[in-house]
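Down below is the structure, laid out as structure tokens.
Going in written order, the chains are labelled A, B, C, D, E and F, and every chain counts its residues from 1.
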Amino acid sequence: MAFKQITSPHAHAAQNTTKVMQLVLWATLPGLAALCIQFGWGNLINVVLAVVTSVICEAAIIKLRKRPMAFYLRDYSAVVTAVLLGLALPPLAPWWVVVVGSMFSIIIAKQLYGGLGYNPFNPAMVGYVVLLISFPIQMTTWITPLALLPEGVSHPSLVESLGIVFSGYSPADGVTGATPLDSFKHSSGLVVDQIYQSDPLFSQAMFAGVGWEWVNLGFLAGGIVLLATGIFTWHGPVAMLAAIAVMSVIFWDGGSSQSPGSPLMHLFSGASMMGAFFILTDPVSSAVSNRGRLIYGALIGVLVYIIRAWGNYPDAVAFAVLLANFAAPFIDNYTLPRTYGHTDRRRATEREEDA
Amino acid sequence: MTKTWVTPGGVHPPENKHQSLTLPIGALPIPEKLLVPLNQHIGAPANACVKVGQKVLKGQRIADATGAVSVPMHAPTSGTISAIEDRPIAHSSGMSAPCIEITSDGKDSWIEHEGIADFEHSNPEVLTKIIADAGIAGMGGAGFPSAIKLSPGHTRPIDTLIVNATECEPYITADDSAIRERAAEIIEGIGILSHILGNPSNILIGIEDNKPEAIAALQPHVADSGISVVSFPTKYPSGGEKQLIYILTGKELPSGTLPADVGMVCINIGTTYAIKRAVVNGEPLISRVTTMTGNACGINRNYETLIGTPVSHMLAHSEFNEAACSRLVMGGPMMGFSLTSADVPVVKTTNCILAPTYSEIPEDEPAQACIRCGMCAEACPASLLPQQLFWYSQAEDHDRLEAHNLFDCIECGACSYVCPSNIPLVQHYRHSKGEILKAREEKVKSDHARGRFEFHQQRMEQAEKDKEAKRAARREAAEKAKASAATSTGEGSAADIIAAAQARAAAKKVSPEQQKAKFERSIAGAEMRVQMATEKLAEAAAEQSDEQKNILTAALDGAKQKLEQAQARLADHIEQHQELDSEQVK
Amino acid sequence: MSDVTASEVVKNGLWTNNPALVQLLGLCPLLAVTGSVVNALGLGIATLAVLVGSNTIVSLIRNHVSDAVRLPAFVIIIAAFVTCAELLMKAFTYDLYQILGIFIPLIVTNCAILGRAEAFASKNKVGLAALDGFMMGLGFLAVLVALGAIRELLGAGTLFADMHLLFGATASSWVLQPFGENYSFLIALLPPGAFLVTGFLIAIKNAIDAVNKRRADAQRIAPVKGAKRIRTTGHIS
Amino acid sequence: MILQSIRFNAIVLAVFALITAIILASTDSLTRDKIAESERKAAQRKLLEIIPIERHNNDLLMDVQPIPQRFWAQLGLKKGGDIHIARRDGLPIAAIVPALTPDGYSGNIAMIIGINFDGTIAGVRVTEHRETPGLGDKVDLAKSDWILDFDGKSLVNPEQDGWDVKKNGGAYDQFTGATITPRAVIHQIAETLDYFSQDSERLLAQAAVNLERTLESSDE
Amino acid sequence: MIDSIAQQPILAALIALVGLGILFGALLGYAAEKFKVEGDPIVEQIDELLPQTQCGQCGFPGCKPYAESIASGDAINKCPPGGQSTINAIASLLDVPAPELDAEHGEEADLKTVAYIREDECIGCTKCIQACPVDAILGAAKLMHTVIADECTGCDLCVEPCPVDCIDMLPVKEGLRQWHWPAPAKTADLIASDRAPHNDEGRAA
Amino acid sequence: MQEFAIILVSSILINNYVLVQFLGLCPFMGVSNKLESAIGMSAATTFVLTLTAMASYIVDVFVLMPLGLIYLRTIAFILVIAAVVQFTKMFIEKTSPLLYRVLGVFLPLITTNCAVLGVALQNASKDLNFMQSSLYGFGAGAGFSLVLIFFSAMRERLAAADIPAPFEGAAIAMITAGLMSLAFMGFGGLV
């Protein structure tokens, strides 16, 4: 009788990486649905296009590296990256924008580092930022939310949308417009109340910005599901949202014309919720320990606010995440938990003095 | 309800304990051949004190303890010693080690033995000696000789005795069933321990709340005995010594210390039973309760198993279906190690044999990349960062591993259990720990070698200098001789030649003092070698490696001979010179 | 060091020990001014000239300076050459000078130049030193131009734009525009693009080297293993 | 020992310094005029783009007047600046006014605006900006011809309301995806025209004075 | 004064540069004398990392000399007994990329070996004693020799001088104490085919 | 006060010397393999940068400008830098042997760090006052330190990554630096 030599433990929990990724995909559905309801078919097309490109790129690189393809593709991580990129891009962006972004995400930000688990930067955000910098026009053309469409105009149908994406018709008049953050940023000289009254994006909204609040609620709902299933811990998202809230309270400035906006607006506009629950929780590129993730999340929150309020970019989640990715390994070195039996936390760079 | 503390991390694998609890503890037929490994636990291996062919009785000592951390072995049944040789033993490596094979005579006749009924009046040292002689090693984990844990000489008095009845691993029910059936004896064992340790103020039996029957069985016996049975929520790995101490007392065992350093002793509940049997009944440790479980076996139950019973024997009596069995595990599914062969024997620490089917424990999936999800860190009871340990283990960055407290990992496997990427984390840690220890050892060795090399260089230099000096002296003498020859004779080649030859001879002839010094040096050298060889031999003897011992004995003899020779030569030399001197005097 | 041959010097400079791709020296100008071919060419030529000049002079004086002042002396020599180059560019290609800006004076601290002075010129004869300077400069120039071309093409969709800055008015028509008027991919022109393209160039070189090595390994007879062993214990009688 | 080392090394270095100094100083004296010439040309070029050499025959670089402090705010200037006057045969024909708008998408946009003394625009150039490449940077002539739209326009052509982007009902194009930059530029040009209408007479007077002064000094 | 100098561009340049030159030269001259370079602690650190087998395969008489040579710029990939791990350690110490072992100096052995003398064949010529760099061989002229296994570094320098070829390099036997878990196989190497190993439920039947 | 803050923010983040202005890249690539050396290099560079910014201001304003020798800036500044480095070395060696052991090896490298000369030249061309020059120097050093230290922490992490063979080493470091500078573009327009 001969048996295999296998290391303990022999039992394993049922969770596996593929399932984790699939769960993340399911959790994006409320957000995607909200996007589609508010802005038409655009994001769905983005997502599909990004997934196809990403999977092809991933497969090609794995092939080049002579690795077993099915095994690596099965982890669904490329799909998650693609879906998140697709959700972040403006609806009805030209097809080549989506393709270039996905290629950057998968090839440069992910596979050059060895694929899943090794990339120090969030691939989807790398793709997004590259696009934002390279194609500012396409990346700043947003669609008007459902509620604000002019009388008689509706979002393009699926077929029309496809036409716009693939052959570059421009959308009908009135269908494109600014995002709340954008709009807010450029209404200089007005006090906040005036902006709220004059801009329909705010005046017709419940609490943050028309359309956008629903999208953010969608991502919040998905995020809470993930939190509840233990895919990630609360530290990162909560720290980020708290940091944004605190910063916007500190600088609220009574709603003067210098005010960068209310906490509610910052929390429920742009990519705040998606960032908090889907982007900065990317386990691979974030800090590892819980304390580290608190710092990491807070750093992102602060950076998001700073760039939104005083920088060039109306929504800064992508930049903030990349900047924090950059700091993460450093944070990791100084946020080790206190191990059982030790009185102090150690630093990762500490050498054994008495050994 | 005593207060308990909650450890961080931990996991809740399916318990699967009911299967083996349907039947009471059973007994297996005595196997035809039993195999007692000399190396049953962490300490030094025991030294066989029987010969092949010798007849032994049940409970007769067949191997002596060697060195401090070691326990003796006893014959688990009566019979004949049929072999003393290397056999595969229960070890994760699957390697072989020396074992004593006993062919049972089927009579199972006990050697004469006698216990002490009123241990309260015995000297603790006497009791400890009994425990040591009974070969009792911890039955809950590492198999550390219990007598050492109990022996005095602790840095501080023991104020807490913790009895580990946690049995947090899935499947295993050895302790549970033992408590149900033998509660009285167990409590008596605890009484013995308490007596030996000078009646510590706290005696706690730690048990998980998934064993209500066992708790109920203990309750009547502990009433006003000063022992408290503390139950706490079920969570793996509450049974780890460090975790249990924290759960029961809220104190952490500082890294690198032993429970004794903080005034505690932690002992497995099965061990207390063995101690009772040893002290009160005079029986050495020759059997233990072992759970036989897993769906590849038709019968799941606990057996009172003789130490040395081959696992195959247990399987054979448990309706084992080899084809269905995905792996054979000694111990539980979390900490147990896989057996490569079913022929290995049960040892003192074997609390479970697990034979699962493929559907129970499938083959391991290939590991995916670590996505740094942190589930492992959430599960780690020691608050480590398993993903970082894994990362640095892959990078072979030993400094970082130590800075991340690799050596505080108790290898509980909770991290691997939850890892969604199926990474064999524990194996990585074990590998890295091994590598680090090896590197440390090699460092010591290489420092030693450097010292020896430097010494060698010095010696060679000295020798070279001596030689050079000698050569110079010779040259000088030759020249002098030449010069004198030239001046004195001037002509006559024959005379020249003779003179030169004489000069050479004179040069070559070392002064008697030099000669003597040389002999003395060689004696000193030889003495040093003898001494060195003797020391080595002593060490080797302690370590029990025969081969090395033979080599060294030979070497010692050689060195001794050389010493004698040198001495003899010196003596000769001195004699000669005395003669010479006397001649000269004459 | 004096046993290097001229052909080795050539190969070293251009490929094996390329200052930009292998030694990773002179990175700042390499990344900063390679937004277009013309910039790359301008700075590359200036660097080449300085390298040849400084290597020559350093080699000439190599036996006359003490260790203590060796470095500062070299630095002065290099700085003098750079200042000359700067003044000349200012006088004759003023627009290019404006574009390259601070990177002209910074040739002084281009580590590649001091590096060559230290590592090669101060140990070799004038002829070889000058050749080394030329080859290293050429290797550097080649990488600069390659980077410039790739980035210009990817980023702006043009090639050889603005060549009149360097070659006079006739060169304005050299520009190629393969992707049409409206093409632009800004990232390639911005700092991140510089790093990324350089990374890819290094990787390509690595890949080529790996292929060459595999080929060479297949042909070469393995060196005698352990051939260079010696006895640590001296002679044995 | 130390003194010797100090002296030796000092001398060696000094010799080096000496030689380099000579070389450099002579290179400098050789190239000095040429460099000055190049610098002048470069500085002139922008001005000449607005008021080509055919239209005037004075030295634009030299013929300057400071802007009175009360207009600084209107022109967006914090530290003031100089207005260049173009003349033909001594007669002032146009002024080149520096202006700056802080309302660009990313910070200040600096420009120079050439205005004929009849109130029409001779030309506008953006001299410094940090607008997004691909979006706002189209105000730069190097990127787009948009800035040439202003040539010949004046405060009355278009009317007051026309000085805005089309999106806001004005007469000028915005760029796809970028309204802020052009709007800022348009507004600032209008402001500058407004300033000019207030200050042109003083400028003319001052120009005459300056002319006299230069003539006098050249007479001496 | 300054003005008059400024009038003379060449003179000004001369004065400024020569002044700086003198100042600076003096400073350096002072520094050069004052702070002479002392012994190099890096040698000790490198020597600490070398395996101290003292086998001479690196081409130097012992590890220390090789350490000295590395400190003065020699390649770090010449020590086969240390193998890749030593190369990596030195590379990390010196902050340079780690090369592969130079095959001309030998290959890294998978197993550690020690010398073993077949004693009945030994003629007692003492050559091996002279060859051993760490004095790990015991014996006297005309008598059987033996190797103290614990002291032997496995350098195999004694093998070649032995006139009767009675020295073998035997692999050190790995006992239970030396054994430790090997590193798990890398996934990329594990899956030869595209299919993951199946869960063989069928075998249970 | 605000002006100082702006100078610091601008030189550390927005116009980061390494990632945006491309100065000091050689040490950035060369000394970022180990966190410990990166920290040492950072400290030494920041110190030297601040000191050079001050010293070159003095040389520029009190020697070169009055003498009309602007064209000698390069050569004069490089001499100043070498002197400052030498001085720092002596100073540290004398006052803190421990610090010297940590920083000593990095000091000579700084002479050829173009960030140092770059700061001196930029300050000179920007007509700053003494305080501003020193702050720019310090800010440049701090910015250099920030990215160098973070970068080395990241490179240490990459040591175990499964990077495709041609990209191992310098290539992936370049790419990482590229992605870092991509992130830094987010600071654009802050002041």
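By definition in this document, a contact is a pair of C-beta atoms (placed from the backbone, for glycine too) under 8 Å apart; a residue touches a chain by one contact, two chains touch by 3 or more.
Everything numeric here is computed off the predicted structure, so don't read it as measured data.
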**OP:** Would you pick out the chains that touch chain C and also touch chain D?
**Re:** A, E, F
**OP:** Quick one: point me to the chain whose Cα centre is farthest from that of chain E.
**Re:** D
Original post:
Looking at B-F and A-F, which one has the bigger number of contacting C-beta pairs?
Top reply: A-F
Original post:
chain C to chain E: how many Å between their CA centres?
Top reply: 33
Subject >> Interchain centroid distance [CA atoms averaged], chain A/chain B, Å >> reply: 53
**OP:** Measure off the straight-line distance from the CA centroid of chain C to the CA centroid of chain F, and report it in whole Å.
**Re:** 22
Original post:
In whole angstrom, how far does the Cα centroid of chain B sit from the Cα centroid of chain D?
Top reply: 86
**OP:** Give me the residues of chain D that touch two or more other chains.
**Re:** 5, 8-9, 12-13, 16-17, 20, 24, 28, 105-106, 133-134
Subject >> Per-residue multi-chain contacts in chain C, two or more chains >> reply: 66, 68-69, 72, 76, 79-80, 83, 87, 184, 186-187, 190, 192, 196, 232-234
**OP:** Check each residue of chain B and list the ones that touch at least two other chains.
**Re:** 92, 365-366, 368-369, 424, 427, 430, 453, 456
Subject >> Interface residues, chain A side, partner chain F - complex >> reply: 65, 108-109, 111-115, 118, 120-121, 126, 129-130, 133, 303, 306-307, 310-313, 316, 318-320, 322-323, 325-327, 329-330, 332-333, 349
Original post:
What part of chain E is in contact with chain C in the complex they form?
Top reply: 21, 24-25, 28-29, 31-32, 54-62, 78, 80, 103-107, 127, 130-133, 155, 157, 161
**OP:** Under the touch definition given earlier, write down the residues of chain D that touch chain C in their complex.
**Re:** 5, 8-9, 12-13, 16-17, 20, 23-24, 27-28, 31, 34-35, 38-39, 41-42, 133-134
Original post:
Can you name the residues of chain C that touch chain D in the complex?
Top reply: 64-66, 68-69, 72-73, 76-77, 79-80, 83-84, 87-88, 90-92, 94-95, 98, 184, 186, 189-190
**OP:** Give every residue of chain C touching chain F within the complex, in rising order.
**Re:** 21, 24-32, 71-72, 75-76, 79-80, 82-83, 86-87, 102, 105-106, 108-111, 114-115, 187, 190-196, 198-200, 202-204, 206-207, 210
